[in-house]
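First the structure, in the form of structure tokens, and then the observations on it.
Chains here go by letter, A, B, C and D, matching the order in which they are written, and residues are numbered from 1 within each.
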Amino acid sequence: MNVQNNVKTMRQDIAKRAADELGEGEVINLGVGIPTLIPEYLGDKHVFLHSENGLLGTGPAPEAGQINPDLINASKQPVTELPGSAIFDSALSFAMIRGGHVDTAVIGALQVDQTGELANWAVPGKDILGVGGAMDLVAGVQKVILTMTHTSKSGEAKIVESLTYPSSGYRKADVLITEKAVFTFKNNQMYLVEVADGVTVEDIEETTAASFVVAL
Amino acid sequence: MTSKKEISLTDISKYIKDGDQVLVGGFGLSGCPLTIVDEIAKTDVKDLTIVSNNLGEPQKGLGKLLVNGQIKKAIGSYFTTHRGAVNAWNEGWLEIELLPQGTMAEGIRAAGAGIPAFYTPTGAGTKLSENKEVREFDGKEYVLEKSIPGDVALIRAHKADEYGNLVYRKTQENFNTAMAMAGKIVIAEVDEIVPTGELKPEEIKTQHLFVDYLVKTRYEVEGGTFVERTK
Amino acid sequence: MNVQNNVKTMRQDIAKRAADELGEGEVINLGVGIPTLIPEYLGDKHVFLHSENGLLGTGPAPEAGQINPDLINASKQPVTELPGSAIFDSALSFAMIRGGHVDTAVIGALQVDQTGELANWAVPGKDILGVGGAMDLVAGVQKVILTMTHTSKSGEAKIVESLTYPSSGYRKADVLITEKAVFTFKNNQMYLVEVADGVTVEDIEETTAASFVVAL
Amino acid sequence: MTSKKEISLTDISKYIKDGDQVLVGGFGLSGCPLTIVDEIAKTDVKDLTIVSNNLGEPQKGLGKLLVNGQIKKAIGSYFTTHRGAVNAWNEGWLEIELLPQGTMAEGIRAAGAGIPAFYTPTGAGTKLSENKEVREFDGKEYVLEKSIPGDVALIRAHKADEYGNLVYRKTQENFNTAMAMAGKIVIAEVDEIVPTGELKPEEIKTQHLFVDYLVKTRYEVEGGTFVERTK
């Protein structure tokens, strides 16, 4: 298996596990990257996908030739609308997010600390020129699920004692899913609740620069 | 169908002055008034502060004004993927003010709704609230955000009626209604103007009292994208 | 002419004069009482009537038998909708008012002082149990036109040096129309700009407990 | 058509507790959930704080709860013409908090939009802002108003689809959408439930994520008024 396939499998595994966290009938906002793979793994579970540019009930990408450039998701990709979907403006869309009406956001993170505080919008030393809806989602939704590879490409820990990347806000994540493990956060404490097949707690400890309680 | 509010494309520049704060609708190119922006790119109006979620694409939409050096400052939520904007900022000739997307949407609506400022949980504890007032309500921190008015708002809709009531095509609305509320002068670019009475009272998204002028678009959807009509 | 007819005529005269103040194509909010008579005197002038419960483009009362109890104005009276009308919710309706998108409000007043500050929602010593949209209109619209009888039923001055009734807010009225006169307000100064046929400036001075500049 | 969200009228009382702050839609009787209010009047739930523009009419809508002594406090904009409310207030067993109607609408929306407080020009310099914080922006005074959340929101719409998306009949919407946003538990009374997909995405006024439960109304329009079905 080459490295690329390996990364692809990792991302799929994370998306698959994240799909299990979602409840029937929930309103979900999916961030860019790994979260966009989740719909493939929902099976019979029905959830409502919320796109912050103004669509609740986002459907899959259209067939070629059926693209409407005025029917897009928050990643500016063409989408379709499912029966029962609703369309609205940006102010109401973010009122839904900020007001706690979106059940769950599944988003990527660049870093997360052992309390669940996360960084997902800016890299230290790089230009800070984009935030999009990231902070609104972190501040507003009922449940924040993070999906990310356990370490960076160069093998550095992304799960850390305290953030070195710019924080996305006070609000802590609820669940963190990597290709190696699942963590939960409660009262500023991190719990290891699952390890992937063939992964040991020692392996997790080695690749995680944060304290956590083992709660398998 | 014609409307008293309809103006010609060459009239657009009359309503925009050097140094204006201009609200420009759109999420990406959807809901962006491409024709109006093209017209402004033909003029020498400059030092604009543009409030828009992003700055279009290179040579598309607001990207044209950027290339022309007509933009002094951009207020929006996401410029990362626009190479031209990143370069302009690095070279020091474009100011950028970054806002969380929801704060931007709410701030624009607030300006239109007569609300000068409001508190939001978004951004509390981050770099984006570093120089902003923070206050606790019920033990939780919130950031005071000011409303975001426009000297002019340039918006895009699907159809207008003769009075200037607007409806949109799918997710085209995005920031447009809020911007229509927040602009002192509001120019809407539309595909067509239909007779008054053709739009149902319940389906109108932007009410005519928010809209000052109408222009007809030169863009149409073709092959899943926006194409300028050549004729 | 009996007293009742006299009052009726007065109210009609005030409404008629107020109608002249309205510009073609303006968005107008009409308060209860005298302002509701204005539509009869608009002639060919076309204005848009805004009802704060959520209708722009309010039409006249329906024929008997055509009443829809879910199509009402802010006085809870059944109305009709004109072509080009728009329907919306209370939050947006008051955003229109507060945000300055309604050109003119024509409202009654219990008292107005010589700077144009007005009182139109509560009577001293009486229960203060209603305000409705009065303060929003006063604070928000572009132009406030007051319509009222020049004095109270018992002959007391309603145009006063300073309010003894609870104020409706800092915002001053622009125009005041009574059966005897028309005043304008600019920079906290009151100007007498018109008197009704057969009314003298002396008569106005006698029935007005406020200082004004005569600017006929 | 049925919906997973549909509950029976007798289930309504499960969701309302003594002392709750209850948002109740309607401007007069239009948009007021008359059936739901009737059901609450049959229970002994008490000490309610009712947030509603007015308190119905004697023996109609919220007037029934008032007569029953179930209301401890009313927050709204206009109670003057409701004799029962005026008397209850004079007799000292009904607290009243008066708000300008626009402040009330915006405060309810704010609660639903995650905004804990906002500044408004309305009421500055009046008795209604006497105990409220005032602040200047650009030389003008504004009043700080807190958001108005509900433990429960009881709303009225015309049609729901199976998911709970709502549309209204003419000016029936008034405070209902804002209240649906602001209520922790939201029960909507509707004329009918239509199959999902029958309401167009653009025409939906209250999106299903704001609505928890649906009940069918017992009232119909007859002779220009709302009449309880007898069958």
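Just so we're on the same page, a contact is a pair of C-beta atoms (placed from the backbone, for glycine too) under 8 Å apart; a residue touches a chain by one contact, two chains touch by 3 or more.
All values derive from a computational prediction rather than experimental measurement.
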What chains do chain B and chain C have as common neighbours? D
Which chains are in contact with both chain A and chain D? B
Quick check: how many Å separate the C-alpha centres of chain A and chain C? 55
Quick check: how many Å separate the C-alpha centres of chain C and chain D? 29
From the mean C-alpha coordinate of chain B to that of chain D, what's the distance rounded to whole Å? 34
Each of the following residues of chain C touches two or more other chains, namely 55, 81, 87-88, 94-95, 97-98, 139-140
Multi-chain contacts in chain B, i.e. residues touching at least two other chains, fall at 106, 109, 113-115, 120-121, 168, 170, 201-202, 205
I'd like to see which chains touch which, written out pair by pair. A-B, A-D, B-C, B-D, C-D
So, in the complex, the side of chain C touching chain B is made of residues 25, 27, 48, 50, 55-57, 81, 83-88, 94-102, 139-140
Given the complex with chain A, which residues does chain D contribute to the contact? 4, 109, 111-115, 161-163, 165, 181, 196-197, 199, 201-202, 204, 207-210
Please give the residue numbers of chain D that touch chain B in the complex, ascending. 106, 110, 113-121, 137-138, 140, 142, 146, 167-168, 170, 201-203, 205
Contact residues on chain C for chain D in the complex? 51-55, 65, 67-72, 74, 76, 78, 81, 87-91, 93-95, 97-98, 122, 127-136, 139-140, 166-171
Contact residues on chain B for chain A in the complex? 27-31, 53, 77-81, 85-86, 89-90, 96, 98-103, 105-106, 108-109, 120-128, 141, 168-178, 205, 221, 223-226
